[in-house]
Amino acid sequence: MIRFYGVSKVYQNGVTALNNINLHIRKGEFLFLVGPSGAGKSTLTKLIFREELPTRGQVIFSGKNVARMRHGEIPYLRRKIGMVFQDFRLLPQKKVWENVAFALEVTGVSRREIKRRVPEALKMVGLEDKAGMLPTQLSGGEQQRVGIARAMINNPSLLVADEPTGNLDPETSWELMNLFQEINQRGTTIIMATHAWDIVDKLKKRVVALNCGQIVRDEEGGGYRDEA
Amino acid sequence: MIRFYGVSKVYQNGVTALNNINLHIRKGEFLFLVGPSGAGKSTLTKLIFREELPTRGQVIFSGKNVARMRHGEIPYLRRKIGMVFQDFRLLPQKKVWENVAFALEVTGVSRREIKRRVPEALKMVGLEDKAGMLPTQLSGGEQQRVGIARAMINNPSLLVADEPTGNLDPETSWELMNLFQEINQRGTTIIMATHAWDIVDKLKKRVVALNCGQIVRDEEGGGYRDEA
Amino acid sequence: MRLSTIGYYFREAFSSLVRNSWLSLASVGTVTVSLLILGFSLLLVLNADRMAATLESSVEISAFLHSGVKQAQITSLEQEIKALPGVTEVRYVSKEQALTEMRQSFGQRKDILDGLDKDNPLPDAFRIKTQQAGQVPGVAAKIQTFSGVDEVRYGRGVVEKLLAVTHWIRVAGMAIMIALAAAAVFLISTTIRMSVFARRREISIMKFLGATNWFVRFPFLLEGMVLGLAGSLLAGLAVYFGYFSLARHVNETLPFIPLVTGMQYLLIMLGGLIALGLLIGALGSAISIRRFLNV
Amino acid sequence: MRLSTIGYYFREAFSSLVRNSWLSLASVGTVTVSLLILGFSLLLVLNADRMAATLESSVEISAFLHSGVKQAQITSLEQEIKALPGVTEVRYVSKEQALTEMRQSFGQRKDILDGLDKDNPLPDAFRIKTQQAGQVPGVAAKIQTFSGVDEVRYGRGVVEKLLAVTHWIRVAGMAIMIALAAAAVFLISTTIRMSVFARRREISIMKFLGATNWFVRFPFLLEGMVLGLAGSLLAGLAVYFGYFSLARHVNETLPFIPLVTGMQYLLIMLGGLIALGLLIGALGSAISIRRFLNV
């Protein structure tokens, strides 16, 4: 589904965030992206949905070179990807349900359908009673869950979650991980950048470890730390 | 050092975030604030440095009623408290070192002193090579560490950290926890709201557990979960 | 475009107006104030131009005839002069009428001219007006060549001065209008750009969620149009009522000064103002948003 | 206030100007454009007022004397008239001078008055000017009572009309100035308020870090002053050079129209513009920031 061919990313200030990344993520996989702070995890996810462009190399999504895409194609690429952002990125002036609904509105889903699906999604993340609030009126963990609901509502073929449990208590984190596993079983590919070692260790999925912009480990069914 | 007397907080939209909180935090203590997402941990910390005012009850800091303080006194209250915010709250237009220096600048510390202490603080959180960057050019964990450096640079008598390790890998988290223990030993009172159960369990400090705005447990040397 | 999407555009535009009420008010205020200034100075220029035209039309040529010209020749001369291009009015003044007029101009001291009645030294004359003051010298030269005409006179220095002044009034008026219209466009589009700027992060988030450029742009465009329309309608109403009460006031105290009150001019002008407001509002939003869409 | 803090204020203000270069430019632009409009219309009003004054000062009283008044009495009459309050100029015109003047006004047809030389029917007269046109009726009435004075005349209807017009010019000029100054203040302070608004989160963060209100406010105040000063200096320079080249141009093509070019007026006006820019810049920032400081 996604292939990285010799991808490097050097930011404008000269920081090399990724260095010659080669990676193949297959359809239906569940992949953990781990590594210390500043290793390049977020940068890697940003290349997939074209928030950033690679400095060298190619990122291929469903056979298309993401960097070479025409401008008109980008929105359609992004609609296939559900993104959970590390910094949430909620629309500050929209209510919780409007934030979630927005991901449907961009695709032109009917008002009726929206009214049906948004409460469902909010219920999945346990926020059905916060639908009418603004993001500024939520706790950190609640904001994070709004972001998760928004990423999943579209039934995207790929879910990219950047540190989705950083502000959540262990119980809520596990509930969400069950949700992720469920949608993964229904066919959604999942890439999750995380520091939650307990989750990674328990789930035994494919683990890609980054360090200083390079892949230092790519292990099927691995743990958070290198077992070797 | 801090006393909560029958404190309740009802937000303008009618949400009861805290309900009749009675709590006494002594000088030099290290206290973990735990509880599920939306329990009221952040709200409790916000009452201490007067981001929010209690709806009922009193918050006493060093013998002064925080809510009754004159406007001119508030800045001096806040300078005694080092705050690590859940949402970082870095000044987006200032470089990393300027963000950290700002906490000194408000108190009128000389330029020379600032030039000496800021690199020290950045080194403590492992960001000495990011001093010249803007917050938008940092990874999530790096931003979080800038916030921690800023909170500690003033040698505050109270350090309030709201989820300070949410975006950090386990190794970096532990380094920071060692730093926290060190400054705690030097006399700084520490209140830390967190979901990091492994840290809470290992450190065996005082644990105050919140649920739905009420204190459900207050245990010296306790773990993240109720052992009973 | 799907119906649900069109519904979204309108809901979005209006709820954004309400949510950003402070920015909206500031934008409407700027549009109103800028177009008020523009509107009132347009009226000032219009009136100055009208005044210039009135002044120009008061310039007269006097053509004095040889003494003893026959009545028949006078009639044919009048026809000839009337036929000249640019001539709008020809009036015959006999020597007797001329003396009476002169006497009147002397007021109470008219006895000065008492001795002249028996042997009136004044000639018969034509008084001629032209369409535009600029045609006076040419017409005068033509008339000079007609037989029976002794001497042709007009306020030589005065006409040139007058033409210079009215030319200046027109050029300056045009320059003022262009400058003020540019200033209004600048002020309004700056305000709108600032209010878009304040929401640049929102725009980038929308793009990351898969919104097309038009999907993001359209509500802003609608919002800009509403802001522009509201501001320009306010300005238009204020100009309309302000100017009419002013014109009434001027008419009472300075009845001799003719202000432009023809509805055809005013309505065109007001229509132009409102169109300008709408246009800057819509284009300003659409253009301002462009540089934030590229994510 | 510590020295290090003062240093911080200045560094902060200037680096903020650079960081927010787009907002800064927009603010400077708005200040410049608003004050340009204000400055040029101030000059317009100033010149209209000057023109009104020139018109008013051209009103003259003629006092005709009885025939046969002695030279001694004429001299004392001249003294008496000069002593009247408001009188600025008294000119004696003998009957011979009057005839010569009249002849000149007849131009080529001056032979009309040829017969009058032997028996000049015109009286000796004084021509009197007053400080203000409004004093004409009073002065005329006074002179009428002096012995030796036969009749006093002045353009009765004309003076009243003139006074009405010049009164209007002054009132309208004042109203325009006040309205435009208010508009400039509104436009500039809206822009500054928007640029503060765009940084409201920053302000609240500073407060949470223990900054006093003044610590947050002062750099904004300095920044506002710099923006206001830059904008008003630009506007001042443009008005100054624009007006002088305009005045030179007018002077060449319309030498008979006296434009105000006295430096004392212009410098006061430019000083006022710059002070206004500085003031709105500083106050606008300080006031705009207030509602975001309360955290």
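As written, the chains take the letters A, B, C and D, and residue 1 is the first residue of each chain.
Going forward, contacts are C-beta pairs under 8 Å (C-beta built on N, C-alpha and C of every residue); 3 or more make two chains touch, one makes a residue touch a chain.
This is a predicted model, so every value here is computed, not measured.
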Target subunit B, source subunit A, minimum contact steps: 1
Per Cα centroids, the chain farthest from subunit C: B
Rounded Å distance between subunit B and subunit D, as computed from the means of their C-alpha atoms: 62
Separation of subunit A from subunit D, taking each centre as the mean of its C-alpha atoms, in whole Å: 67
Subunit C-subunit D separation of Cα centroids, rounded to whole Å: 24
Where subunit D touches two or more other chains, by residue: none
Overall pattern in which the protein chains touch one another (line/ring/star/complete/other): ring
Contacting chain pairs - touch in the sense defined above: A-B, A-C, B-D, C-D
Partner subunit A, residues of subunit B touching it in the complex: 11, 13, 15, 34-38, 41-42, 86-87, 133, 137-142, 145, 162-163, 166-173, 195, 197-198, 224
Subunit B - residues contacting subunit D, complex: 49, 51, 71-72, 75-79, 83, 85, 89-93, 102-103, 105-111, 150
Subunit B-touching residues of subunit D, taken from the complex the two chains share: 2, 4-5, 7-8, 16, 19-20, 199, 202, 205-213, 215, 295
Residues of subunit D touching subunit C in the complex: 22-23, 26, 29-30, 33-34, 36-37, 107-109, 111-112, 115-116, 121-122, 151, 153, 161, 164-165, 168, 180, 183, 186-187, 190-191, 193-195, 197-198, 250, 253-254, 256-257
